[in-house]
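Notes follow once the structure below has been shown.
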Amino acid sequence: MERVPTGVKGLDNMLGGGLPSGTCILVLGGPGAGKTIFGVQFLYMGAVEYNEAGLYVSFDESPLYLRRNMECFGWDLKRLEKEGKVFILDLSPIRAFPKEIEASFVKMNLIETIRNKVQEIRPRRIVIDSLATLVVQFPDVVERRNTVIKMFQTVMDLGATGLMLNELQTTYYRGRELQVEEFLAHGVILLRTLEERARILKAIQIEKMRGVSHDPQLRPYTIDKNGLKVFSKEHVFVPEYSIPIRSKK
Amino acid sequence: MERVPTGVKGLDNMLGGGLPSGTCILVLGGPGAGKTIFGVQFLYMGAVEYNEAGLYVSFDESPLYLRRNMECFGWDLKRLEKEGKVFILDLSPIRAFPKEIEASFVKMNLIETIRNKVQEIRPRRIVIDSLATLVVQFPDVVERRNTVIKMFQTVMDLGATGLMLNELQTTYYRGRELQVEEFLAHGVILLRTLEERARILKAIQIEKMRGVSHDPQLRPYTIDKNGLKVFSKEHVFVPEYSIPIRSKK
Amino acid sequence: MERVPTGVKGLDNMLGGGLPSGTCILVLGGPGAGKTIFGVQFLYMGAVEYNEAGLYVSFDESPLYLRRNMECFGWDLKRLEKEGKVFILDLSPIRAFPKEIEASFVKMNLIETIRNKVQEIRPRRIVIDSLATLVVQFPDVVERRNTVIKMFQTVMDLGATGLMLNELQTTYYRGRELQVEEFLAHGVILLRTLEERARILKAIQIEKMRGVSHDPQLRPYTIDKNGLKVFSKEHVFVPEYSIPIRSKK
Amino acid sequence: MERVPTGVKGLDNMLGGGLPSGTCILVLGGPGAGKTIFGVQFLYMGAVEYNEAGLYVSFDESPLYLRRNMECFGWDLKRLEKEGKVFILDLSPIRAFPKEIEASFVKMNLIETIRNKVQEIRPRRIVIDSLATLVVQFPDVVERRNTVIKMFQTVMDLGATGLMLNELQTTYYRGRELQVEEFLAHGVILLRTLEERARILKAIQIEKMRGVSHDPQLRPYTIDKNGLKVFSKEHVFVPEYSIPIRSKK
Amino acid sequence: MERVPTGVKGLDNMLGGGLPSGTCILVLGGPGAGKTIFGVQFLYMGAVEYNEAGLYVSFDESPLYLRRNMECFGWDLKRLEKEGKVFILDLSPIRAFPKEIEASFVKMNLIETIRNKVQEIRPRRIVIDSLATLVVQFPDVVERRNTVIKMFQTVMDLGATGLMLNELQTTYYRGRELQVEEFLAHGVILLRTLEERARILKAIQIEKMRGVSHDPQLRPYTIDKNGLKVFSKEHVFVPEYSIPIRSKK
Amino acid sequence: MERVPTGVKGLDNMLGGGLPSGTCILVLGGPGAGKTIFGVQFLYMGAVEYNEAGLYVSFDESPLYLRRNMECFGWDLKRLEKEGKVFILDLSPIRAFPKEIEASFVKMNLIETIRNKVQEIRPRRIVIDSLATLVVQFPDVVERRNTVIKMFQTVMDLGATGLMLNELQTTYYRGRELQVEEFLAHGVILLRTLEERARILKAIQIEKMRGVSHDPQLRPYTIDKNGLKVFSKEHVFVPEYSIPIRSKK
C-alpha cells in the first residue's frame, strides 16, 4: 500500500512509513494539543519535501492569523501559497451565520464549496480544521453520521489523503464517550494531554489505522521550534510511587 | 452441541472448540480493536479451512476498501468471492440516506435485503458489520430491542452462525452502560483496550456464551500479520506496583 | 417459616435452609452471570428432589433454545415437561410486537396470560425470565412500580414462590442506581461479576431477604457442569497488594 | 428537651438518650438495610417498655406479611394490636392505583386518611413506611417539598414523634445526590451498607439531629435475633492495607 | 475596610477580623453541617457583644422550633426579641404554597416582604435561611441568577451585612457542580463534611472573600455547647497510610 | 511577534515575555481563584508601567464595589479613571433584566454598547468580566459559539489585546467538560484550585497560547498584598505518600 509521510518525525515511524494513501484520518486533540500545528506541518512538509499540493480548509481561524501563528516554526505559508503549493480555503466567516439559515442548506453549501475547491486545485493532501464547527449544528446522531460521511467522501473521491481535525472531549476518569467519527474514519490519531500528580504530559496515540500495521502505544511528543516531534521509541512514563524530585512550593 | 471454529487461534480454545452452531454472537469493540478483522478472519478461515460459505454484510465500508485493508493479512477476498465462498453485501450507500426517508421503511428494507441474500446464497457463516449504523436510527429502547431481535432471527432462520459486530462504548471507571443487545444475544465477546499507567493492552473476554462451558477470563490478544491471535493460556497482567522498567521521557 | 430450597448448593446455606415460602425474590445479574441457569436449576431441583411443579415464563428465549442450552448441565427439560412437572410458557414472540399496540393493552394481556396459566397448573415454583422485556415498555416510574407489583401479586396469590430474573445495570465506581423492584421485592439476590486488576470473579450476594436471617456477604460462585455452585464458606478475595503470580504477556 | 428512646441499643447512646420529642426524623436506607425492622422496633419497644401507643402507616407491605416477617425477632404484633398499643394502617392497596387518578387527589386523600387516623388513636409514636411510594408521584421538586412538609406537619400537629422511612439512593464514589427531605427533616439517620474490598459492612450514621448534641460518626450495626443493634463505641473500620486473612477462592 | 465579626471563634481569625461590612456572604453546607446554628450565632453575638440589631428570615423552620433548638447553646432568642435586638421574620408558611400561584408573584411578594421588614427595623445583620426554598422554584438559570441578585441587593441597599444560607449539593469525587450564587456573592464559606475511611470530619473553608486577605485552607470545626467553633491554626488531617488505631468491629 | 506583558510576575516568564498582541485570551477560574484581581492587575500595570489605556467591562460587579475591593492591593482605580487611563463600563444593571426582553436583542445591545465604547476610547487593553452573564442566556451551543465569536471580534477589530474572564466549572475526577470558548480563543489560562488530602493549592496553567512558545506546566501562585504572583520556576507538588507533618485535629 502506498504511504503518505506526515512530516512529523517519529510519527511516521509509528505508522511504518506514513499514512495509508487516499484515506481520511481523524486527528483529535484538546485545546493547546497542537492539532492546527499538525495540520499545517502535514501540508508544509508535503509541499516542501514531497512537492505535493495541499488544501487547508479553515473553519475557525482566518488565514491572516493562521499565517502569523505558524511563523514561529519558520513555515512561510504565504510563499507556498504564491507557488501554488498550499491553498487556504477561508470558511471562518461561516461561524457567524445566524441560526435562521437552514442547517441543511448550510451543510450542503459548505460541502459543495469544499468539493468545488478540491476539484479545482486537485490537492494530494487536505486538512479540515475543524469538524466541530460543521457538526456542532447537527446534534442529531444520524445527521451527524451522514454529514461526516459526506465530508469523508469529498476528500477521498479524488484520491487525496485527508486529515480531519476535531476537538477531543475530555476524559472522565479512565474513559470517555467515543465520537461517531472515530468509528467511521479509516484511522484515528489522538493528541492527548495527560495530567499526573499535577504534571502535564503530552502523548500521541494511534487509536486506529486500518490496513497497516502500527504502533498502538502512547508515545511522548513535544511542540518545539520545528513543530510537532514524537519520541517514538520512548514510553510515556506515569510514575505512581516515584520519589518526588522537585522542590516543594 | 455442534461447534463452529472461529479461525482465531486461542479463541477456539477459550470456547472449547468453537462457537455454538446456529447462534448469534455479538462482538463488541472500540475503534481499532479489530472487529472487522475478526469478522473477515471468521469468514476467510471458514471458507479456506472448512469449505463453508460466508456472507459479509457491510454497512460502514465499501467492498473496495475492505478488500484492500485485508490484503496485509494475506487474505485474498476477491479470489474467494470468485469461487463463490465469500459474498460481500454492500449496504454502505445506505449510510448517506437523508433523514426524510421513514426510519421504519429503512429498517424493513435493509432487513429484507439481507434476508433475501441469505436465502439466495445460503451461507453457513454470516457477519454483520456493524449493528450500529442500523440501530442508531432507533434511539427508542423498545424499537431498538425489536430491530435487533429481527436481525438475529434473520441470521438464525436458516441455521447459520452469525457474528454481529458493534461499537463498544467506553468504560466509565470500572463500569459501563450495558447494551440491550448483550442481554439478547446468545453470546457476547468483548475486544477490549485497557490502558494502565499509559500502557495500552488489548484483551479479549467472553462475557457470555449460552449452552457451552467457556473461559471467562480476560486474555491478551494481538493483531499481527496473520490477523487476530489470542494468548489463551496467559492472563492480562495489570501491575500496580511494579518497578518501572522503561526509560523516562 | 416454611422454606423452599433453591437447589443451588451453598446458597441454601446462606439462606439458612432456603427461600421463604410464598414470596417473590428478585434475581439480578449481568449478561453471562447465570440468571437463566439459576432459574432453571430452581425448577429442575424443585421437580426432581422435591416433586414440586414449576412454571417457567420465558420472555427472551424460545423453549427450543432453552432446552438445548440446558442440556450441558444434564437437565432433561423435555422429560420433566412430559411428566407435567415443569411447564414452559413461551412469551418470546411478544418481543417483536410493533409499538403501535397500546402499552397498557400489552401489559394487561401478558399478566392475564401468566395469571391464567398459574391458575391452570398451580405450580409451587415460578420463574419469570425476565422482567426487563416487560418493564422496559414503562419508562414512567409510577407505571413501572405498578406493573412490578401486579406481577408479584400474580405469583403470590396462589402461594407459590417466585424468582423474578432481571438485568443488573452495571456499577459506576462503587455505586449504582438502585431499581425500584429492589425495594418492592421480599428478597434480592445479586449475581455479580467483579473485575479486579483484569481478573474476572463471580460473586453472589443476598442483598435483602425479609423475615429470615441470612448471610449478607459476597461469596464466590461458579458455573460448572452441574449448574451454579456457591462457596458459602469462602470470601471473595480482592487483593490490592498481592505479589503478581501470573506470567506477563 | 424531652427524649423518646428508639429501643435500638447503642443508638440511644449516640443520641444522648433518645430522639427529640415531637419531631420528624428521616431514616434512609438501601434494600436490606433494616428500615422496616427499625420502624417496627421503634413502635414495639415504645409499647412494651414505655407503654406508648404507636401507629404504623404501611405503604409497601400488607399487614399480613409485616406481622409474619417480624416474628423472627419475637415481636408479636398481633397481640399489641389487640391491646390497642400498636395500630397498622394499611395503605398498600394504593400502590396499584392506576395513573388516571389525579395525583393531587391521591395526595390529599392519603394525607387526609393518615391525619384522621392520627386524630382518632392519638399515638405517641408514628412510623411512615415509606415516603417513596408517596413522593415518587411528584417528580416536580416544588411539589415534592410541599408534600413532604404536609406529611411532617400531620405527624407533629399532635405532638407525636415520627420516623419517616425512605429509600437511600446509592452513592456515587464518595458522594450522592442529597434528597430535599434531608434538608427539611429535624433529624436524619442513615442506615448505610458499605462495601470495601468485597466485604459488606453495615453502618449507622446520624447525619443531622437539630437541637441535641449527638455522635456524628459512623458506627457499626447488625441485625440479629432481637432486631437492630448498634455498637456505639466502635468505629467502622475500613482497612486499606491490612494483611488479607481469609483464604483465597 | 470595616469588619463585622461573625462571633464564631477561629473564623474571625481566618477572616482577619471579620466579614467585610455591607456585603452578602453565602454560607453553604449539607444537612447537619450547622448552617442554621451559624446564622443564629452570627445574630446572637452581634446583639450581645456588639449591640447590633439583626433580622432572621426563616423560610424552613417556624420561630417556635427555631427558639427551642437554639436553647441547648444557651441562646435565649425570646429575650433578645423582646429587647428588639433580634427579629425573626417567619416565611415558613410559604413553603406550602400550592403551585398554582404564579412563581413570579411569589418571588416579588417574598422579596417585597423582606425589603419592607428591612426598611422597618433597619438591622445591621441579616440572615436568610435558606435560599433554597426561594430559588428551587426557578430551575431556569437566568431567573435563578436574577432572583439571587435581587435578594443580595435587598440586603445591601441599607448597608447591612448578610449571610445567605444554602444547601451544599454533594461532591462527586473530587468535584461538584458550582452554584451560580457562588460566583455572584462577595464571599463564600463552605461548611463541609468530609468522610475518609468511614470517619466523619467537619471542615470549614473560605472559598472566596473579595477585598480582604483570608486563610484559604480547610480548618476543622466542631459544634459544641457554645455553638460553632473553628480550629483556625490546625489543618484537617486526612491520613492515607496511617496505622489503624481503632479496634475492629 | 509583539508581546503585551500581563503585569503578573512569573506569568510573563511562562509566556516568554507576555501575551501575543491583538489576541483574545480566555481566563478561567472558580470562585475565589482571582480572575477579577488578574483582570484589574492587567489593566493597572498596563496603565502604570506601559502607559496603555484599558477598558474594564463589568457584568457582575458595580464600579463602586470593584474600586473598593481593589484598594487592598494599593490600586487606586479612581485616580487612573480621572487620568483617562482606565475606563470602567458598568453593565451590571443588565443582570436584572427580566426574561421577557428578547435574548437576541439583549445580545446585540450589549455587544453594540461594548463596541461603541471601544471605538470611542480606543483602549490597548480590554477585560470582559465575565463572559458567563452573557452566554448563560444562550444554552444553545451554536448560539453560544456565535456570541463568543462576536465578542472576540469586537475586541480584536481595533487591535486591542483582550482578557475574557469566565467561570471554570469544576473537575470531575481527572476530567471536565471543555467549554466551546476554549477551542475558539487564541489562548487559555486556567486559574485552578487543587485540593489534595484536604490541602488547598492554587495553580496556574497555560492550557493554550497560539503562535508562541510557552510553559505548559502547572505552576503555583498566590494572591498577596500586591495581587497575583506566580512562582514560575516551581512545580505544584502533589505528594501521595509523604509523611504527614501537620498536627492532627
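For reference, chains read A, B, C, D, E and F in written order, and residue numbers begin at 1 within each chain.
Please note the rule applied: a residue touches a chain if its C-beta (ideal position, glycine included) is under 8 Å from a C-beta of that chain, and two chains touch if they have at least 3 such contacts.
Bear in mind the structure is a predicted one, so any value in this text is a computation, not a measurement.
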Intersection of the contact lists for subunit A and subunit F: none
Partner chains that subunit B and subunit E have in common: none
Type of subunit E:subunit F copy interface by residue overlap (half), same or different: different
Averaged-CA centre spacing for the pair subunit D and subunit B, given as whole angstrom: 50
Length of the line joining the C-alpha centres of subunit D and subunit F, rounded to whole Å: 50
Chain centre separation in whole Å, for subunit B relative to subunit A (CA means): 29
Euclidean distance of C-alpha centroids - subunit C vs subunit F, Å: 58
Per-residue overlap in subunit C, given as positions that touch at least 2 other chains: 172-174, 176, 240-241
Sites on subunit D touched by subunit E in the complex: 1, 140-143, 145-146, 149-150, 172-178, 180, 182-186, 188, 194, 201, 203, 205-213, 216-218, 220, 231, 234-242
Contact set on subunit A toward subunit F in their complex: 30-32, 36, 60, 65, 68-72, 95-99, 130, 132-133, 136-137, 139, 167, 169-174, 176, 195, 197-200, 202, 223-225, 240-241, 244, 246-249
